Structures are given as C-alpha cells and as structure tokens.
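Same chain, two partners: subunit A is paired with subunit B first, then with subunit C.
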Partner chain A sequence: MFGQTLYVQWKWNRDFLAFYTFVAFTAPLVILWVALPHLGLSSARELVRVGGVVGIVVAVISVCAGMTVAWQGYGLDERVGHIYALSLPLTRTRTLVMRAASALALLTVPALGVWVGSVLAATQVTLPPSLHSYAGSLAGRALLAAWLAHACMFALRYSAGRRARAVLFALTLIVGSLGFATEAVPGARSTIVGTAEFLISNPGPFGVFFGRWSLIDV
Partner chain B sequence: MTHAITIDNLSYRAGQHFAIRDLRMRVPNGSVYGFLGPNGSGKTTTLRLLLGMLPPADGTITVLGHDVPRGAHRALARIGYVPERLHLYPMLSVAETMRHHASFYPTWNASEAERLRRAFDLRDEQAVGRLSKGEAGKLMMLLALAIRPELLVLDEPTDGLDPVVRRDVLAALLEYVSAHGATVLVSSHLVHEQERICDWIGVMDGGRLVAEMPMHAFRSGIKRLRIAGAPPQAAAAPFGILARRAGAGREEEWVVRDWRDDMTSWFASGSASVREVVDLDLEESFVETLRAARDAGGRAA
Partner chain C sequence: MVATVAPAALGAQLASPETDSLLRRVRALDSVMAVRTRSVDSIRRTLVTPIPPVDIREGPIHVRTDAALAPRVRSAVRSVVEMIDGRGGTVVASRASAHVAVIRRDSTRSIVGMLPVIAIDADTAARWTMIAQREVRSPASAAAIANGLAAIVEQRAMQGVDSALAAWIMVGRAPLRPASDAEAADAYVEYATTESAVVRRCRTRDVTACLDALGVDSSAGSRLDRWYTAEDYGVLARTAAPAREDSAAVAAWIRCRRSGEDTSCAIAARALPNGRIPLPLSATVRFGFLREVLNAGGAGAFDRLVASSGGIRDRLSAAAGEPLDRTVLRWLDRLESSRPERMPIPGTLLAASLGWSGLILGMALIRRTSWA
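Take a look at the complex of A and B:
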C-alpha cells in the first residue's frame, strides 16, 4: 500500500525531483569551482563565507523542492476531484501519514544530491586544520527543511483548496506588512521581532529554515 | 428485510441553491436499486454522502452495518465504486492502476481482474489519461468488480458510452451480481436501462426522494385513466393521484399510482366511469412522478 502510494508520487514528481537533485548536486560544485580561483588556499574566512553561500543556495533549493512536491502531489488529486483518494478504504489520518512518509522518501533524493555534491565539492579544497566540511549535516538539514516546507505547503493546500494561491499571496502580504510595521510603528517592533525570533530560531517551529546553513565551518 | 444502505433524515447543503433535505432511503440487501432523477437532482451528492466523501449536516447513514462517515473506511473496503467521471491517476498505465488499486483491497482477485482486462480489451501499457471514454468506463468497472464487493455503487456508469461498450459493462456487472448476490445502487437518468436491470427504484428530485418502491410496483402500479362523467371527491380515492387533466370533451385524464383493477368500482360510486386504463412505461411513470412531486412542492411553497 505504502509502496504503491510512493510509486504514484514518484511517477508524478520525478521530473521535478530530477531537476532539484541535479541542481542540489551541482550547486556546491559550481559555487566552489567559481570561487576557488579567487581564494587563497589558506583564506579560512573566505572559505567559511563560500561555505555559507553553498548553504544558503542549498536551503533555497530544499524549500523549493519540498513546496513543489507538496503542490504537485496535492494537485494530482485535485485534478481528479479527490474522488479516487477519498474512495479508498483508508482513514484520512492514515492517508495523510502515508503522504507525509512518501514525501520524506522522495525528498531524500535531492538531499542525497546535496550530500554527494557537497562531498565532491569539499574534496576540491584543502581545508586548513581549523575548518571542517559538513556535507552530511548540510544534507540532513536540507532533508528536514524540505520536509517541513512540504508539510507547510500541503497544509496550506489542504485547508485552502482552490484558494491556496490567494492565501499564499495574503500570507506574503502579511509578512511584508509586519516587516514594514517593525520600522513604521515603534511600539510594535519588540513584539513582532520577539515573535519572529521564537518562530525562526531553534527550537522554534521554523528553526530549521533559518539556522546556520554552511558546507564549510569551524 | 435487511438493508445494505439505510439513510434517515439526511440533510446536506452545498452553496446557496442546493440542499438535500430529510432524505430517507432504504436499499434492500441483494437488490439492484435504480436511483433515478434529472440532472442536478442530488443523486451524485447522495452517493458521495453515503460513501463518506462529504460530511452530512444532519441525519444518519449506515452502509453494510457501518456508520458513515465515521466508519466509512471499513465500509469502503467492501464497496466497489464507479464515479460518473474518470477519477484515476492519468499518468499511470492500466497495469499500474490495477496494481495500485489492488494494494488497498485484501479481497482483490487478480485472476478475475486479468480475465476482465482481456474481456474488455484493455492493454496493460495504455496510459489512463489517454483512454477513450469507453475504455475508461470499462477500467473503472473492472476495478470495482475485481475487489469482489458486497455492494456496488455506480454513478451513471454507462453515461456517454457507445452501445457496444454499454452492453459489455452491463454484462460484466450482471454476471458478477448473479454469481455473488451483491447489492447494487446504480444512479442513472437512462430510464430504459434501469428498467432492464433494476428490481427497486428510487426517484430523486430537488434534493428529495420523491418515490421509492419495488420496480414491479412502479411499473405496474402507475396508470393513466380516461374518466367520463363526474367522479367522486378525489381526496377519498383509494389510490394516489399523481396528475389530473382535462381530456377530450367532458372527459378527464388521471394519472394514478397504487392502482388495482377492482378500483374501477370507486368511480361508479359517483356518476363516473373508467373508459380506459393505460399502462405507462417506466419513463412515463418517472416523468409523471416527477411532475406530481414538483406540483406538490409548488403548492407547499
């Protein structure tokens, strides 16, 4: 049952997964390949900065991959009016758990791309003794971020249905307005910043998105 | 008589203009129950409610002994469902669709599925999204039958199919039902098709079940009478009056239900006589039942 659910999601998402896996694999290699001629081999600070750039690019790719798989996966059922999924002899909870598990399995593929690309990229440089490459941690963080992004997007589509685009746009507007309010309304700044910090710092719910993403670090 | 489906006081509202109100319905075990009604009468919504796909606003639904929607997943394991439109994943092939479907049903009969695939002339590698309407209808029927269901819920299963495909699909359905004694609830507006296969009939209109009876009662109990003279008070009639219209000359034309031949004597209690009793076919009975329900609804409003 789970295998068939996974197979359906794989077949529907495989082009996007191939794209994100390719980008996730090549991004660390390309960034280091472009940056290396400009760096001294012993420039630790520069290497950490380039490792951070790799981390940010991997974060963006992971979030995009998670959101795309969720949007696509939900869209597949929406195309057929959700009739098939609802007519299967499963509770809604079990259906959601299987979807979440299959998403985790699928998003492992681009995370593996991150890991292999990062390992290969790290072999291009000789790191000074004070620095280390964190390919495994970066790939693990990429997987968690992609899965969380998937869960957020799936929840949005599940709750908002056909109005998902409008709700997404409204959420973006709200976040933008709050950002503006921190500057324009002096009294609101501490509340907004405090709430935002709780959300985006560990162990806040979105901490995995905003923690330290880096391929090369001390 | 036990019932495969029992619905009481079911209410559901979708938007401003459509509602199902106080629906009561009984589908006897082992029957082939035809669910008739014009487009937009609420047939598909009722089917989705009894499969647990939509949450009712009020009322109770019991399907194969399970409360729906709470126990819908248990009931669904014993139900073969064919919706009105293709509901399968378009990028899967026929073989992949069969494998996917089989994984959810422990009762899946692989050899029967393969036999039906050959009989329906479906190729394993055909993509579902590229199937013709007839092929899609056959595949959905195959999936519904291969799980060996106790109850088949079919929503316009032959609508838009050519006569050859329709015959194949109905033949497979009847073969299964006669072999396994399954209950069938089949929604359609193809009245003549219902007449051929159903032994119970329910007529839906405007979100209400306006008639529910055995097919033989529906077919033989509704008559058109040509009445001459002045009949007694209609309110005292021992039969139901669906319609009453002026006929030629001083005659009247009545459409009645629950008619028996010995009831002609009732007219003689006035100064009227029955000149002619005309059997209505199912389609005429259906139209007259709907017309009467709408007239009654209009008067009530």
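Take a look at the complex of A and C:
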C-alpha cells in the first residue's frame, strides 16, 4: 500500500519535483558561474559572500518544494471530494501517515539535486586553505527544511481543510501584529522577542530555516 | 524675488575656483551647527533631567539612580567593580572614579510613539561630553545595565591616553570586558578571509608577520611590498583608490575594478602612497589582540601599558609581562580555536528539526477525523 501511495504522490508531484530538482541542481553552478568570471568575486571574503547567496537560494527552493508537495497533494484530492482517499481500505490516519511518509521520501530528490549541484560547483572553484565547501551540510539542511516546511503545510491543509487559506491569512496577521506590538506595547516586547528567538533558533521549531546557509564558509 | 535669486542660484551651478572656498564655508557652518547642537542638548539636559536621588558607591564607581532601578544598578555596579579589579588597575579606577554616572529611566523615539529605555550617562554634568549616552531597552536586566556601564568605563579608560597608543587601538576604548562568542567568531572570519600576503604568513604562525599585520612592528620596505603581493592588488583596489590628481593611476584603478586586469591593478596599487596602504587587519582584530595582552598581564596590565614608554611593541610587552612572541602565539591559538562551526549540522538541530516536523505532522493526524 505504501508503494501505491508513493506512486500516486509521485504522479501528482513529478512536474514540480522535476522543476525544483533542476533549479536546486543548477542554482549553485549558475551563481558561481556568474559571480566568479563575470563579476570577478574571487577573494576569500567574496567567496564566502557568494556561498551565502547560494545558501539562501537553496533555502528558498527547499521551503517552496516542501510546501508545494503538501499543498498539491491535498489540493488534487480536494478537487474530487477526496474520493480516492475514501475508496482506500484504510483509516484516515493510516492514509495520512502513508501520504506524509511518501512525501518525505519524494523530497529527498531536490535535496539530492542540491548535493550534486553543490559538489560540482565546488569543484569549479579553487578555495583558499582557510575556506571549505559544505555541499553535504547544505543538502542536509535543504532536506530538513523541506521536511519541516512540508510538515507545516501538511498540518495546515489537513487540519484546516477548506479553511486553510483563512487560517494562513489569520496566522500571517497575528505574526504581523506581534511584530507591531513589540514597538507599540513595550511591556510585552521582551516576551514576544524571547518567544520569537526560541522559535527561530536551535532547538526551536524553525531553527533550521534561520540557521547558517552557505556553500562556502570558513 | 525670482529675478533676485536666479543669478546666485545659476552661479552656484558653475564650476569655479570658488568651489573649494564654498566647501570650506559649508564645513565651517557644519561645525558651528555641531557646537550649537551640543549647547542646546546641554541646556535641555539641565532643564529637563534633575539628578536622581539614590546614591550608589562601590569601589571606584559612583552612580546616581532612582529608587526603582537601584537594586539592579547595585548589582551592575558590583560586577563592573569586579571587572575593574580583575582587568583594569589603578588608571582605570582613577579615571572611572573622577565622574559620577547617572542611570535613569528615559524614553526614545520608535516607529510607533516612544519606547521606554534606561539611559546611562557618563557623568552628571549637563554639558556635552565625548562619551555618548548609552541606552538599554527597558525593562533591562542587571547584566544589560552592567554591560552599558562597563562600556562607559572602557571609554573612560582611554581618555588622556597618549596619541600613539590611541591611534594604534583606534576604537577609543580599552578591552576590559571579555570577548563575546560573536566577536571571537567575527575576528576569526576576518583572519581567515583577509587577502594579504602578511596575513597568509601569519596564518603559518610566523610571529613577525603577525606583529606586522597588527601594526605593532614594521620591518624594512614599503607597506605595499610587505603586506600585499601582486595577487592581492585586485582586492586592494576595492578598498583604496589612488589620488585623484594622478589621472593615469585613476584610469588604471577603474580598469582594475571593471575587468580585474593584473597590469592595471598593479599600476593602481603602486600609485598608492605608503601612508594610504590599508592595514591588512582591522582595528577589531587589533582590539582582540590587546585583550590577549591584558589577559596575559593580569591585574595592572593596563596601568603598565599606559605608563610605559617606547614603541607600541615595547609597551605591549610591558603590559603583557612576557615576550610579545609568546602572547602572539597564544592569541593565534585562541583565534584559531574560535573558528565558528557554522555549517556542519549539529546533532541538536537534526534532532530538533526531525522532532518538530514529526510533532507538527502528528498534530495534523490527530486533529480531525473527516476529510472535508
């Protein structure tokens, strides 16, 4: 049954996965290709900066890939009234577990694209001894970020159902209001800032998104 | 009205020999404006802010504050006194004791209205001072207040220091507080990414090269030849430009910036006067080295640094109480050990990321029972 679920997820998402994998593979190569000979960014400090740009692009691609797979899986099913899911001889929980597991397996494909592209890009650059390329770490972060982004979108879609957009809008509004409240309500500032710092730092839930993303670093 | 103003306005657009005198005039007016702003600020402080009632004295630190802040300020003062005893010495203590700092609640502008802050003034005088007021976001912990107060003490320590030492340190404060992790990491990143021949030699633990890169010791030869090789000229051209009067060098500098052509970069670099060749390592790294020197010297190190005579090297040796080569090697060890492990994925991040992903997915699975 898991194989069948994986196959269905693959059919639903293969176009997006191909796109994200292609972009993840080519982004490090293209950025280094543009930055080194065309912009002349070749000093150690500039290489670290260019590596950071690669990292940010990979982070965005990973998050988008994770969210797209979760959104697409639910969206296609919803359009036909969840007939496919209801026709399976499985409980809702078991179906969702398999769907989530298969999505997580599929999200390794863009991460592999990141790894291969980064390794190839790193071989094109002569790094000074004080710098290192981190293709493996970057791909690892990409995988973790894609899984986390998928988990968030999956939870939103399957928990909120048709109200997902409204919930997403409300969440955005709440986060924006909290940002505003740090200035408008000074008494609440330390609590809000402390909570935000926990959320975006390791071991907070979104620490992987806000950590260091770079192909080249010290 | 237009007829009266127009000739003057048009005249201002013309390139004329008076341009330099106009610039001098603008600068003179700017300085007048700066002096008047300080006077206004002094009057405002005299009128608006009376001296707070609570008097706190401990060791060389004397602070006035209000009753609500007093417990935190007492704790902050205690930690600053410990810092002075441990790393400062009599010079720092005497300079700190000559002024009464004021710590009070204040407010500052923010995007939406005013924000409460805790303002730390270097002294009770209403006049403008070189040491700017420090502000800590309210409500602040004793540690945050201590940090602000310590920064003022660090600035006080440098007041009256001779110009040779002040010019070498450049940042205008003495390194009495320990370096934070972020400062240490930044110093390592600069040390590891600086494109300079002398820094590359320093990275191979060549003590003489390190001292030259830090501006402590200079060997024979021009700065350009000592600090940079032909491969570094392109990077050098991004931080220093030749004098505008040397049109050939400026043209080469532009070509170097645009195309990175080696010959042009060499012409541009060779055209730089010796005094304009930038030091390979920044004042921040020198500040870190001075901290190492003071650490080596222990209590009284800063006193010896200020009181001793001779070149910077002799004075630093006197402060460290040991041959400077040994201090440099220890500084290198510390610098290299502060390499930030920014990219490898730590186990906690891996576990946390997988755990949170699992938790969020789990919440989705148990949240609802129907598909709609």
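Assorted remarks:
One rule holds in what follows: the second predicted complex is superposed on the first by the 212 of 218 C-alpha atoms of A that agree within 3 Å, B and C clash if a C-alpha of one lies under 4 Å from a C-alpha of the other, contacts with A are read in each partner's own complex, and residues count from 1 in each chain.
Quick note on the criterion: a residue touches a chain if its C-beta (ideal position, glycine included) is under 8 Å from a C-beta of that chain, and two chains touch if they have at least 3 such contacts.
On a predicted model such as this, the values are computed, not experimentally measured, just so you know.
Superposition of the two structures on subunit A shows subunit C fitting alongside subunit B with no clash.
Contacts of A:V8 after superposition: subunit B is touched, whereas subunit C is not reached. In the superposed pair of complexes, A:R163 makes contact with neither subunit B nor subunit C. Applying the stated contact rule after C-alpha superposition, one finds that A:L86 touches each of subunit B and subunit C. Geometry note, superposition on chain A: angle between subunit B and subunit C about the Cα centre of subunit A is 150 degrees, to the nearest 10.
Residue contacts after overlaying the shared chain place A:L76 against subunit B, while subunit C stays out of touching range.
Which of subunit B and subunit C touches more residues of subunit A is settled by the count: it is C. For the pair subunit B and subunit C, the model built by superposing on chain A gives 6 Å as the shortest CA-CA distance. Shared interface residues of subunit A (contacting subunit B in one complex, subunit C in the other): 82, 86.
Partner subunit A is touched in their complex by these residues of subunit C: 110-113, 115-116, 137-139, 188-189, 192-195, 203, 234-235, 259-260, 339-340, 342-346, 348-354, 356-358, 360-361, 363-372.
The part of subunit A that touches subunit C in the complex is made up of residues 40, 42-45, 48, 77, 82, 85-86, 92-93, 96-97, 100, 129-132, 134, 137-138, 140-141, 144-145, 147-148, 150-152, 154-156, 158-159, 161-162, 180, 183-184, 186, 189-190, 202-205, 207-208, 211-212, 214, 217-218.
Looking at the complex, you find that subunit A touches subunit B at residues 1, 3-4, 7-8, 11-12, 76, 79-84, 86-91, 94. The part of subunit B that touches subunit A in the complex is made up of residues 51-53, 73-74, 76-77, 81, 83, 85-92, 96, 99-100, 103-105.
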